[in-house]
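Structures are listed in the sections that come next.
Both complexes below contain subunit A, partnered by subunit B and then by subunit C.
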Partner chain A sequence: MGAFIALGLFQGAVYGLLAVGIVLVYKAKRVFNFAQGEFGSVAAFSAFYLVVALGLPYWVGVVGGLVAAVGTGLIVERVIVRPLESASRTIMLVALVGVALFTIAITVLIAEPIPRVMPPLIGGSGVNILGAGILPQQLILLAVLAVLAAAMAWFFKTDLGLAVLASSQDIRAAQVVGISPVAISRLVWGMAALLGGVAGLLYAPVGIFTPGFMTLTMLVPAFAAAVLGGMTSLPGAFVGGISIGIVQNLGIYLLGQQLAVPGAAELGVFALLMLVLLIRPQGLLGKEA
Partner chain B sequence: MRKKRHLLKVDGLQLRFGGLQVLDDLSLTVDEGQIVGLIGPNGAGKTSCFNCLTGIYQPQDGRVLFDGTDVSRLPTHRRARLGMGRTWQNLGVIDSLTVTENVMLAQHQRTGYSALAGMLGLAGTWLRERELRRDAAEIIDYFGLEDIADERCGSLPYGKRKTCDMAMALATDPKMLLLDEPASGLSPEEALGLVETLRELRDRLKLTILMIEHHVPLVAEVCDYVYVLNFGKLLTEGEPDEIQRHPEVIAAYLGGAAAEPEVNETDEADDTTQVLRASQSPGEPPEWPLQPAAEGGAHGAA
Partner chain C sequence: MATATLVLTRIRVGNGLWTVLRIVLVLAALALVAYPLIFGGDVWAQRISRGAIYAIIGLSINTLTGHAGQISLGHQAFVGIGAFAAAFMASRLGAPLGFGLGAAALVGAITAAIVGMVALRVSGLYLALVTLAFGMTAETTIFNWREFTGGGAGASAPRPAIVESDFSYALLCLGVLALVLYADWRMVATKTGRALAAVRNNEQIAATLGVNVTGYKLAAFCFSGLAAGLAGGLFAHWNQVVQALDFEFQVALVWVLMTVVGGLRSRLGVIIASAFFALLPLTLPNFLASLPWQPPFLNEAVYHVLPPFIVVVLLLIVLRFFPGGLGQLLAPLTRRTAHKNGDRG
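Then we have the complex of A and B:
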């Protein structure tokens, strides 16, 4: 059972990392960013191309992957988000689902839907934690999640972060004190894409990856993590991600292995989500803004 | 008389919403170092005028020159960065942020670091951030908000939020302040303080002020010059005591307010009569519009 908890902890770190980006966009734009996973996919595929296909140094792959992700984020901002700025949030949400599906389709076209293996940032054999073999890559992932969640929480205390919050609450009042709505919009999407890119780069080497791997397997638990944490709380995204990861794996252990219940992981996640939302509708660490 | 430099020059503003003519050929100038009043009955287009000046509304015709630059086509935040500070009738404070955070937010345009560096929390940004906090504290002290600096604005009484709005406008480091009804909702003591504050802003900080105000005694007390707006047109202009005696102004306030389809028609008419009554006896302390009678009655019943 300890092994399942450890596995869940590290699995949950990926959810948390995606959830941090989801929370950022939600705080700034009040929209659910369904394209968050694809920023990760773009980064992973770009890095794979640079490192494996072209044989360039790993750091070039990392930088190239992040640049590709941020570039995608800025294009999405310019082409999809900004024209829909005054549209209803539902239309924006559907458009972002479209962005995710479009990106997956493009990846399939360019890269073909075959499984790939990305070399890890740091190689070496797994570490034994509570009886589970945890890769060094996964340790890095958890550390990066902790650092980024803290950095983002701090960011919202700086005046630039305050400008992002203010723009989401009263755009005219923000403009009158000299805040450019376009600059804020670019900043938010650039940062969200950067966070997504980091998640993709760190998670791709943990297993094999295929087009759409972030969206199809990671995004729904990441949303559950963001909601669980309170949707606007960055520490909440961290706690939510890890809780979801652990409950998923405990579900597999307790329900799946012991009782042979099918879909045990999902059952565990939804039971947790329902329970938390019933008792604390604002989420674990949620509060206004 | 020494010719002063125009800081703001508005030329032939035309603003229409569909068939409704909100501003009709409105022109006005504000000289550097002046406190200028913009008065007129409700619905005269005063706030719309401010919205055109700050770029929130785009007028169909006309030009806005600020500090020698044609800002007619500039977006709001660019005008703010050129030195146009503004307060709002219904307040521009962000309720979920604290007083300090609101003031820091208003200093945004002075932020000297890139978004990326800010995000990564580079060493320099920590220093810069501390500097901004210190400056914010100074402005907060100036307005006497230090006791409530860490309170969320949403939980503060109206007068304090209003002061915070003013502190925000000042934190943008403006050349000119556009104040939308700075005295409305203030207690008589707070309004007296406002007179002092306005003079100090002009004399010590060399700010130019254009303010919309209903409270005629306040306008008479602090303004160097007054423009009167009625139905989107300039009714008259002049020094405050000329304006107060102007028959058309009195007629516009009484007749105009009653003729206009305002939602709070009765309240507004009350306001206007109060204001006028007060204006006829400038020596006495200003009378403030009382609570509507119905509310007093409810209190009595309870």
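Then we have the complex of A and C:
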């Protein structure tokens, strides 16, 4: 059981990392960003192409992957988000789902749906934590999550972060005091894509990856993590991500292994999401408005 | 295109002529379905059944997204649960078809009620998240529950003698579609429709007008679940075998996009778009194979992603250039002049 908790802790780090990006977009735009996972896929596939197919050094792959992710984020902002600024939230959400599906379809078309293995940032054998073998890559992942969640929490204390919040609350009043909504929009989507790219680059080497790997299995737990954390709280995204990872793995242990219920991981996440909305819709660390 | 629409809407035609035009339009639409149904043999009868089933699903999503302004990203779960319920009734209990379809609709509505009661209490689009999580759970847990679904081989759903042939089954599907269409029309034309419009436009204002916001959203979602379950029941007997593979969660995403492409709150647009996407996976491989020149990147895996790819491209075009979807292009034909009918948007 200890091994499952340890596995869940590190699995949860990925959810937390995606949740940080989701929370950023939600704070700034009040919209659920269903494309967050695909920024990670774009980064992972670009890095794989540069490092494995072209044989370039690893840092070139990392930089290239992040540039590709941010580029995708800016294109999404320009082509989809900004023209729909005045449309309803419902339409915006549908459009972001469309972006995610589109990116998956493009990845399948360009890079056939075969499993790939990305070399890790630091090689070497796993560390034994509570009886579970944890790769160095996963340790890095957890550390990066802690740093980025703290950095984003700090960002919202700076003038620029306050400008993002102001623009989110009243776009016209923000314009009056000289905050450009276009610049804010670009900044938010660029940062969200960067965070998604980091998540994708760090998670791809943990196992094998296929087109849509970030969206198909990671996105729902990441949203559950953001909701559990309170949707607007960055420390909440950190705590939520790790909690979801642990709950998911306890679900696998208790339901899957002991009771042989199929799909215990998904069931655990769904049950937790329902419980949070039922008992504490504002989440663990969320504040009103 | 947009200019043409504008010009057409400005033409004012007498009331009598409009009635005639609308009757002609309805007859033309019926003829469009009837011709292949009568002369196309079993292949086209099957295709029309599938189109009608998809149209019911599209209308089901339209109720939720178009009228209530909420999104379900796990609709394939409701359709799937309905399908397995119908198969269970038919093959295990030997119940008549009517009971099976009734059970499918009921199970869909109850599931929607349970999910909705939790997710719709919170304002915002949390239903999208919860249904997505529910859809994944359904895919991995409920549809893998052997006693209910028959495992990998699937559950069989034989057709009773009266709708044994593909032709009569197509008539059944079209009949159910007409029923759902009627229910949708009555819902929009009465108090419920106005209350939903108020909720969709501004929840706070609707609440101050005495509209039970959560109640109406929940009612819309339950109706949506009911129609989805019913469509699932029809799908079960259409295919005669129900497999968990038919209800992967990507399917639900395609359905939502297809409904938006058809045009939210436009029944005709939704039906046309749904039927198009119902037939796309069936006709696309043949169409591509018959091309004189084969693009080199085409293979089995690509066929699998082409329908989602096409729906997304259409969605992006629709959202950018005519946000009302196909329904907006059809508006000059289906609506009288704006001042006569009022703005139904």
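Note that the second predicted complex is superposed on the first by the 288 of 289 C-alpha atoms of A that agree within 3 Å, B and C clash if a C-alpha of one lies under 4 Å from a C-alpha of the other, contacts with A are read in each partner's own complex, and residues count from 1 in each chain.
Criterion: a residue touches a chain if its C-beta (ideal position, glycine included) is under 8 Å from a C-beta of that chain, and two chains touch if they have at least 3 such contacts.
Keep in mind that this is a model prediction, so the values were computed, not measured.
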Subunit B and subunit C placed together on subunit A: clash or fit? fit
After lining up the shared chain so the two structures overlap, which partner does A:I122 touch, if you call subunit B first and subunit C second: first, second, both or neither? neither
Which partner does A:D170 reach: the first (subunit B), the second (subunit C), both, or neither?
-> first
Request  = Considering only touches as defined above, state whether A:A143 meets subunit B (first), subunit C (second), both or neither.
outcome  = neither
Original post:
Is A:M191 touching the first partner subunit B, the second partner subunit C, both, or neither of them?
Top reply: first
Just checking: does A:L160 make contact with subunit B only, subunit C only, both, or neither of them? Give me first, second, both or neither. first
Once aligned on A, the angle formed at the Cα centre of subunit A by those of subunit B and subunit C, in degrees rounded to the nearest 10, is 90
State whether A:L109 touches subunit B only (first), subunit C only (second), both chains, or neither. second
Of subunit B and subunit C, the partner touching more residues of subunit A is C
Requested in this report: With the two complexes superposed on chain A, say which partner A:V94 touches: subunit B (first), subunit C (second), both, or neither.
Outcome: second
Subunit B versus subunit C as contact partner of A:I80, first or second or both or neither
second
Distance floor for C-alpha atoms, subunit B against subunit C, superposed on A, in Å, equals 17
Subunit C contacts subunit A in the complex at 65, 69-71, 73, 118-119, 121-122, 124-126, 128-130, 132-134, 136-137, 139-141, 144-145, 250, 253-254, 256-257, 260, 297, 301-302, 304-306, 308-309, 311-313, 315-316, 319-320, 323
Contacts from subunit A onto subunit B in the complex sit at residues 151, 154-155, 158-163, 165-166, 169-170, 172-181, 183, 187, 190-191, 194, 288-289
Residue set of subunit A touching subunit C in the complex reads 30, 32, 79-80, 83-84, 87-91, 93-95, 97-98, 100-102, 104-106, 108-109, 112-113, 219-220, 223-224, 227, 261-267, 269-270, 273-274, 277-278, 281
So, in the complex, the side of subunit B touching subunit A is made of residues 54-56, 75-78, 80-81, 85-86, 88, 92-97, 101, 104-109, 111, 115, 118-121, 125, 129, 132, 168-169, 171-172
